[in-house]
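In the part that follows, the structures are each spelled out as structure tokens.
There are two complexes below, and they share chain A, which is joined by chain B in the first and by chain C in the second.
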Partner chain A sequence: MTLALLRLDVRAGLRERKIWFAAAIYVYTLLAVPLLLLNPPPHVAAAMSAFFGDQDPFTFFMYVWTDLAMNKVVAMLGVVLAAGVVLRERDTRVLPIFASKPISMPRYFAVRATSACLVTAVLYITTQLIAVPVFMARVPGFRPGEFLAAGLLHVWAAMFATALAATLTVIVGRRGPGLLLSLIVIMTLVGMAFLGFYHPAWRSIALLNPFALGVEAVGHLGALGPGVLLPPMLGLAAICAATILVGAFAVRRLEV
Partner chain B sequence: MIHAIEIDGLTKQFGAVRAVDDLRLQVAPGEVFGFMGHNGAGKTTTLRMLLGLTAPTRGTARVLGRDVSRETLAVRRACGYLPADYALPPDMTPRQFLVYVAAMFGVTGEPAAARADELLRQFGLQAAADRKLRGFSTGMTQKVGLAQALINEPRVLLLDEPTSGLDPLGRHELLELLRGLARDRGVTVVFSSHILSDVESLCRRVAVMHHARLIACDEVAALKAAHGVASMDDLYLALVRREAA
Partner chain C sequence: MSELHTYRWLEAMHAPWRSFQAALFTGVGMVAGCQWLLPKLPAPAIELMRVGFRLDDMAAVVLFNDYAAVYFCTFFVGLVGMLGVVAVPREERRLELLLVKPVPAGTLLAARTWPVLAMTASVGLGISLACAASAWSLGGSVAPAGALGAGLMMTAAVVLELAALGVLFVRTTDTMHAVLIALLTALLPLMPTAAFLYRPDVFVGHDALTAALVTANLVWYADMLVWLGPAALGLALVVAAGLVRAGGGRLARAGV
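What follows is the complex of A and B.
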């Protein structure tokens, strides 16, 4: 029952109005990054030279794409797509109907939050696929295989942002404050995603941040393989599941 | 005999407010049972407790022999419910919504689509079946709401103000439908309404709630005879005045 419901919920999620907003943000990012790369702000260029050297424009591009663009987008869209899960239905009076069906509230939350994560993944992966021909034409030294492989890891960070927004909001119990808290927490984590790159001595501690796991591929460009990608992927999958479980536990006390 | 609904000492306290106070009643299988009472009398809270949507402070309730607190999901599996105050997901169509609700009962694929089609036809919603629910009129929304309550072919139907928002024809059709469900399929129907003529036309027995307490529960004819009144309006007023005295 749960899988069928999840499938229907993902399809319903992809038909919601806010998907158009999310898609517009992704398209904007897709179009804006090549323009940014043509003439990067001097402080960004200087920082990149210091961290990654000047020898590989693709590494520079991947940093800009992963951190300056997608990390911020997934943080914001995670909140947009998931911060209302269950609470929005309660506030708009849709929940009494669903809550009266033979599905417990924790399980319903788990379905809705997982569905929001999968919607995030669909949008993210679609963007990556559309980006390949765009960037091949505009980014010098663009390597599509590595770009897609890095995206396959980073999409789990996007799903984590979505799961975390759903869970934090349901713990807070009110949409507005929950949305704000989600944004602050996720943006803080995103802001520290590259800490291990900047300060190698802190790398092991920095990897406790799920977003740091999500950008691991950027530090291994030229050597990406299952050995590099799978451990952080599995770690992020486990963290996503644990985050949703926490939300499912918290939602038990929700009054419909 | 197992009662369709058996309520014993059911009480619900919200802080200092007692929403339902020591309610005791039984509803027989296949009966159409009416709940009457003013706003805030406790009708909605009682229906919500029957589905485990809110936990009783005291007392027990059983639906088809199952305890609503301990076997909540089993009770919900056998019930259909239409809340008084609800909305439908605006970005779904009626067809998608009904298939989604069917999936919550474990009915998927072709059987779910066929059941959704059957209900869309029954409620005259075929023409609007693939339009988004956003912007549906109150009457159309109520029809979709009723359709979802019937998606699992429930043995017990709990309807909170089901005729509100329906035009006279819609009301008539709904009452006929409920009558038919009870008569032909043995469905137990419990419904609350402010429209006393609806209650009278449909129910043999009614419960009257007033300020959280049950003040009368009997056959309509017996209550009328006992209070020497001819109409439901007069009966309701007589019961409430007796209570206030």
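What follows is the complex of A and C.
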């Protein structure tokens, strides 16, 4: 039954008006990012070789795509899709209806948060698939295999942003302050995603930030394989699950 | 008249003060964090910002990042406050309870909006003072008064954006949709700055446009911002007054 509810909730989530806006944002990034890459100035080239150890234009492309575009978009959409899960139902007085159904509140929260994560993933992966032909035509030296592989890791960071927004909001227990906390925490973590590349001595500490795990592929584009991708991917999956679990515990405190 | 006075006072008491306090402390913490973190980063990361945004020294790089903290902290908390004016009560179906009181719709909107805008401006002022203190202790190319003016310029932009969004939020039924539109509104003015880092060639020959659109202007024109920043905040509050009136008219026409 839980799975059926999850499927229905994902389908309903994908039909919300917000999704059209989200899709429009993704299309915009898809069209705008190639324009930023046409003529990189010397200071950018110098920084790229210092951060990633090469002057490959594709590394530059992946850095701009992941840091400037996708990281910001997934942080924003994660909050918009998930901050207020369960609390919105409580505040609009429909939670008693759900509470009278044969599903516990922690499980209901887990379904709603997971569904928001899946909606995030669907949007992200669809964008990646549409991006491949667009970038092949517009970005010189574009490598679709590595682009998709890096995306398969980064989509877990997107799901983490969504799960974290859902959990932080129920921990706070009120929608406004919960939204504020989610925005500040997620934007700050996203802003520090590449810290380990900027400051190699801090790499091990920087990797405690889940968003840093999500961008690991950008630093190893030449050597992508299961050895590089799987550990951070599994780590992020575990962190996502743990985050939703914490939220499910917190939701028990809510009065219906 | 005195009853309306009491009403306005009561509304002001019910603004989300705790969130504003939290945002102020977070913003000041971020300014302190920038001052601690950035000088520790290796040269290439600093040089990317210093050369890319034509900044003179480390102090300018730190302050350039501080101004982003002013912008986002004040925007996020102001956004949460603005949602509470009409959008959240409408979503929670208690707007009719507010509107059946013997208070005209425009007065209600103004009484609930002004505490939010005033607190937003105060949070911006508080974080700007932290920027000034940071400029003073760094002792670099930017004078403390210039840093304060720059922070107030950012605050003015936030007040203006929030007041304009307030007019839009009058008829919002889905608050998260409103959050998405608001976040896009916040990011839009920063896009030329991102483009400037990666494509400075596009800006060549457009000096006036560069000076107006790239937020490094807050450092470039620090001397002018000593008076322009406070003046802009004053002007923003005057324009906001017009927007609050427009929003009140819109609420009166829209009803519940």
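The rule we apply is simple: the second predicted complex is superposed on the first by the 242 of 256 C-alpha atoms of A that agree within 3 Å, B and C clash if a C-alpha of one lies under 4 Å from a C-alpha of the other, contacts with A are read in each partner's own complex, and residues count from 1 in each chain.
Just so we're on the same page, a residue touches a chain if its C-beta (ideal position, glycine included) is under 8 Å from a C-beta of that chain, and two chains touch if they have at least 3 such contacts.
Quick caveat, the model's predicted, so the values are computed rather than measured.
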| item | value |
| --- | --- |
| First (chain B), second (chain C), both or neither touched by A:Pro231 | neither |
| Touching partner for A:Ala46 - first (chain B), second (chain C), both, neither | second |
| First (chain B), second (chain C), both or neither touched by A:Pro177 | second |
| Which of chain B and chain C A:Gly141 touches, first, second, both or neither | neither |
| Partner chain(s) touched by A:Pro133 [first = chain B, second = chain C, both, neither] | neither |
| Chain C versus chain B, contacts on chain A by residue | C |
| Touched partner set for A:Val80, first chain B, second chain C, both or neither | second |
| Which of chain B and chain C A:Arg15 touches, first, second, both or neither | first |
| Which superposed partner A:Pro102 touches (first chain B, second chain C, both, neither) | first |
| Contacts of A:Glu255 with chain B and chain C, given as first, second, both or neither | first |
| Overlap of the chain B and chain C footprints on chain A, listed as residue numbers | 16-17, 92-93 |
| Chain C-touching residues of chain A, taken from the complex the two chains share | 16-18, 21-22, 25, 35-41, 43-44, 46-47, 50-51, 64, 68, 72, 76-77, 79-81, 83-84, 88, 91-93, 175-177, 179-180, 183-184, 187-188, 198-200 |
| Residues of chain A that touch chain B when the two form their complex | 1, 4-5, 8-9, 11-12, 15-17, 89, 92-94, 96-104, 255-256 |
| Chain C - residues contacting chain A, complex | 16, 18-19, 22-23, 26, 30, 40-42, 44-45, 47-48, 51-52, 72-73, 76-77, 80-81, 83-84, 88, 91-93, 174-177, 179-181, 183-184, 187, 194-195, 197-201 |
| Chain B residues within the chain A interface of the complex | 51, 53-54, 73-74, 76-77, 79, 81, 83, 85-89, 91-92, 96, 99-101, 103-106, 108-109, 145, 148 |
